[in-house]
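Naming follows writing order (A, B, C and D), and every chain is counted from residue 1.
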Amino acid sequence: MSSSFGTIFAVTVFGESHGKGIGVVVDGCPAGLKIKTSDVQMELDRRRPGFTVHTSARREEDKVRILSGIFKGHTTGAPICMFVPNKDVDSSFYEEIKETLRPSHSDYTAYLKYRGFADMRGGGRFSGRLTVALVMAGAIAKKILNTKGVKIAAHITRIGDVVAKPASVEKILDCSCSSQVVCADSSVVEKMLKALEKAKREGDSLGGTVECIVVNPPLALGEPFFDTIEGDLAKALFAIPAVKGVEFGAGFSCASMRGSKNNDPFIIKDGKIVTETNNCGGILGGITDGMPIIFRIAVKPTPSISLPQKTVNMKTMKEETIRIRGRHDPCIVPRVLPVVEAVTAIVLADHLLRQTAFSKTLEE
Amino acid sequence: MSSSFGTIFAVTVFGESHGKGIGVVVDGCPAGLKIKTSDVQMELDRRRPGFTVHTSARREEDKVRILSGIFKGHTTGAPICMFVPNKDVDSSFYEEIKETLRPSHSDYTAYLKYRGFADMRGGGRFSGRLTVALVMAGAIAKKILNTKGVKIAAHITRIGDVVAKPASVEKILDCSCSSQVVCADSSVVEKMLKALEKAKREGDSLGGTVECIVVNPPLALGEPFFDTIEGDLAKALFAIPAVKGVEFGAGFSCASMRGSKNNDPFIIKDGKIVTETNNCGGILGGITDGMPIIFRIAVKPTPSISLPQKTVNMKTMKEETIRIRGRHDPCIVPRVLPVVEAVTAIVLADHLLRQTAFSKTLEE
Amino acid sequence: MSSSFGTIFAVTVFGESHGKGIGVVVDGCPAGLKIKTSDVQMELDRRRPGFTVHTSARREEDKVRILSGIFKGHTTGAPICMFVPNKDVDSSFYEEIKETLRPSHSDYTAYLKYRGFADMRGGGRFSGRLTVALVMAGAIAKKILNTKGVKIAAHITRIGDVVAKPASVEKILDCSCSSQVVCADSSVVEKMLKALEKAKREGDSLGGTVECIVVNPPLALGEPFFDTIEGDLAKALFAIPAVKGVEFGAGFSCASMRGSKNNDPFIIKDGKIVTETNNCGGILGGITDGMPIIFRIAVKPTPSISLPQKTVNMKTMKEETIRIRGRHDPCIVPRVLPVVEAVTAIVLADHLLRQTAFSKTLEE
Amino acid sequence: MSSSFGTIFAVTVFGESHGKGIGVVVDGCPAGLKIKTSDVQMELDRRRPGFTVHTSARREEDKVRILSGIFKGHTTGAPICMFVPNKDVDSSFYEEIKETLRPSHSDYTAYLKYRGFADMRGGGRFSGRLTVALVMAGAIAKKILNTKGVKIAAHITRIGDVVAKPASVEKILDCSCSSQVVCADSSVVEKMLKALEKAKREGDSLGGTVECIVVNPPLALGEPFFDTIEGDLAKALFAIPAVKGVEFGAGFSCASMRGSKNNDPFIIKDGKIVTETNNCGGILGGITDGMPIIFRIAVKPTPSISLPQKTVNMKTMKEETIRIRGRHDPCIVPRVLPVVEAVTAIVLADHLLRQTAFSKTLEE
């Protein structure tokens, strides 16, 4: 069941970049949750391509159709299927290069795995377009979390060489809807935009990092030994194409810290136990401690670049040079933000529903 | 089923640090695999505490007992249960401090989640001692992978401020059994040992990073959309206590690279398709491409330090100072290596068995 | 993940009787399987209502749309989503009676479970119409099994008081496409039709039993301890609305047999080990032995009858009399045959793909 | 994960008949449940062999050892491992006949599946002895259900030709601890005992049927589409060796009933909605309606009989006659009662924990 994620709140993804469309089935959503089509559409609009200079030239409306599970404006307890038809599809380039491997794309591994039968037009099922499915499911998950006052916000902390300064939780929440390049450090936004334009002009691409926070997370989410919050978030995040690293709290920088520095002292604040610092990113023993969850992901530069690249033609088994045409983002980091939020919401909604089961039963 | 991992080759972990012992059930192992008790014992011996100055003073024999699933020296196809009794247990300190939260331990989150019923002596089920279970299961997984010529090796790339130089795959394979501090850059081993001794002397602890490689991985392992090799490895790695970050190939450093630099050109070598560089860490589209799998994890400094720390007493709800006694590693990085290898083997063995199913059926 | 079934070949069902339509996502189907839309349509046509006197008056075209996973006539390895829009929907009656519980329908339990939010028009997600999803997924599963020469056939063994004589495997295979009431004992077909007409005329309904056989099943399918062939088939069969019993081989009649009679002696036939009798229904220890798999299910009489029935109005909490209008089969047994075959194919295809993994790996 | 069952309350079974022992890991049990070793031992004692004339001559103490998950008399939230060592093992007969297939045992299918590597002494993992694991897990599950006032009772409704009269729920609850042959119809108990003795004397064996009821089941358990209460109970029940049929409520007899007879009218009783009859066995749409759950299973006659039987020697590939020595029950029906109750408890406990999650979250 490799296209599904979740134990109680379970998400099943389908579709291809140049097929009929992208869809998702959300199973296990409690009945009685108010959902409007526009709740889902709003999230889709946030990730839609084609709206600025630095994003892909493909123009999709991405209009969601809800095929099941919603009735009279509420979830019914039945699986919710949502579907976005593909419209603006131009597959000519992919036919042309179908034997020529695009470097750092999944052409080669898909060929190995599916023995030539995969539909690789536009990257097929490996395309970033599949994140439409995550965003739709995330819209439902966010509604569940909203009932508990949970807030999720992602922002850009790096694009290429431009690095944002660390920001407070408040700033990150604030910035989240403010500009094309969402970054809590407003002093670098202009530089990021310029870097994007330059890379595009030069036919190249840029990577970056994204930070995501969850404010007011439910207490005690996470199910050790394996289903830790870190583990489940990481697993889901790596399903986003181009993610190559995930770190929580101090992350890799804790490697150079001493315990006396990295440890987060417990203190009393407003009568409640909190930690003075938050190097653990709100997660201890794989379980949320109530402090904001904080994590960062590394996003690789878009592999589709128009510069010439060395590669191999699988049919002739000869080395060749490839120039990738088609419509591609020079950097997917700006568009990945709503996807990261969606994935986070999906994982937390599932754990919220599992947790409730686990801890409440015997008290009732 | 949060204490289980895997789809076909499935591992279920049980036990506590100061309980009767640590065990694991390995289900789905094919019949006919040769296994000697010593195969498992050898891996356990690699992670055993108490053998050097810089590791924990707790002295456990860690003798494995195989309770099921092996008959006449072979796996039978039935679940394999392995158990290591705890012997050298001293719980006095934990009774003493049971209401005082140890900073950056799971005392607080365990208290929230299990409402005071968790056995937190020695960290209970959250203890690093649980990795005994992973190592036992990993020993079986390694035997499966051995039949395909797969090699796994982890080494230390950083302890505190001491950073190793990048090393070749060959060097990493070579070093893997050479010293107490296994690091492919021999020039820093002495410094690492000194840093460990210094931290211990000062009652403090150190973090670090570990790099793991898989040479000759089976082709085309990984099941998108969610069950990518990155995703499943990351999820399993975050089950190891103290891991706070995971990155594949170039990882976080790809954030600052351009696509033209990060992309791995395909070339022909010895008549086969390979990549010239390996920034993707042997994984494209979540699927292995045959190049070595490479990843790194961030390990936080051991939270148990003897320096005084600020914390809260849950009973009095007052702030207090805690000094942690007991027997602890100043740094778990050296002991985590066999655990990382074990986890890697578990994930790959499971994917190997899933993959075989997926791709071979119709051809037969 | 309660709307999903399967470990490798995994089926996720969605839709409602009076919603937009019925759909299914089939994940884990190997790439390279030839599938035409007509392969699926043909199976749908076999279960379609409205074609004879004794079936429901609702007339649906049931035209399948394949939304993903098929490319150039083959499976691609990506999830296959298939969707059948609902057309001929008349929900007026359900609005009228929405507070009045229909006896032996799921109105009451759905109300309890989903707290009034379920879409119960036409039975909603509990409707027999959901079996459209099973039939579509079964069409794919059958194609997989066809590559191994597996044959599945279901026939009616009882309708109301009319009982068919036991039939040979050959006869059951032969009859499977022969008439509106598919039954290997042709001598009772006419009686069955008459019983159906009589029940319909009287505003009542009939139950029955269905027998299903699998000829040439793959050897050694089934994964004890829990994932036995009996267990997985039974679980999937009980997802078909109205099924209230499942028995394998001699089934309930083995309760009155002595071991000396019930045991199936092993003999050699054509150089191969077979059993002389087949009281075990082709399954020993939960694993197929190569003999035909044989099982029977009990199907309850359709609960929707036009005769007056005693019931309760949930709003007034008063007892009332209900007369159910709308369009209903007097007996679903004839239409359940393709569904039973589909479910059987789904379970066996999943086990075939799991089995291959399990037994082949080490030999290669 | 074929040796595991359950989504939240998950049970993993291991061990063999003549190996070191039988064990089970229970994961997902809420913390804070009071458990004494004697709670588990009491259930084990109910299924123990060797206590009467008509049961197996093997004499096992079946003393449970709790290896994890219980601390200070309560569950901790960590996995509970329980283990019963094997003591009274005599494997000589199995060595003798290891190439000769025992009819209607799993020798042949195990041979096919595990290619000769299975430990088949005493039936190995296929032995009825594995039900020790179910009984231990069931003891924990019963404690969870006790907190909700749920009562489970199984009794014998048939042994060979001796059939019990239908009994009221009250009678079934009453009889459950009354004699060696637990049957609510006391008028047939003596006949059943005689039938057992006669079969034993003649070297033959008997089958039978068992009925199980659940009084005061939690409302609205069951998760359609696939995870119905019927489906999950059936799947788990078929894991019990020798079970060949499962039916709920009226079961197979509903095949001959008209809807007007089979339908259960809703009525008001003591201000609550109940059904007048209970042909549905307390389950509608796969979900509990609050009426007693009622189901029956068919148990085949023990395949081990001392009468001579026709079979095949796998080595010589010749037909032979086998006479099975060793210690066997002439009928496992009496001993299967606590196992059926245990399995029922396991399934309901899991659904109780899932259900709580599903329905309560949004209201809080």
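Just so it is clear, contacts are C-beta pairs under 8 Å (C-beta built on N, C-alpha and C of every residue); 3 or more make two chains touch, one makes a residue touch a chain.
Since we're looking at a predicted model, the values are computed, not measured.
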Which chain pair shares more contacting C-beta pairs: B-D, or C-D?
C-D
Farthest chain (mean CA position) relative to subunit A
D
Report, in whole Å, the distance between the mean C-alpha point of subunit B and the mean C-alpha point of subunit C.
45
Here the gap between subunit C and subunit D, centre to centre from mean Cα coordinates and rounded to Å, is 26
Whole-Å gap between the CA centroids of subunit B and subunit D:
38
For subunit C, residues contacting two or more additional chains
1-4, 7, 13, 28, 31-32, 77, 79, 113, 115, 125, 225, 355, 358-359
Across the complex, what residues on subunit B touch subunit A?
1-5, 7, 13, 101, 103-106, 108-110, 112-113, 115, 125-126, 130, 158, 160-161, 199, 204-209, 219-220, 222-228, 230-232, 234-239, 241, 243-268, 271, 273, 275-276, 279-281, 283-290, 298-305, 307, 309-312, 314, 317-319, 355, 358-359
State the interface residues of subunit B toward subunit C in the complex, per the touch definition above.
7-8, 28, 30-33, 77, 79, 144, 147, 225, 352-362, 364
Using the touch definition from the top, list the residues of subunit A that touch subunit C in their complex.
1-4, 6-7, 10, 12-16, 19-21, 23, 25, 27-28, 31-32, 65-69, 71-72, 74-81, 83, 110, 113-119, 124-125
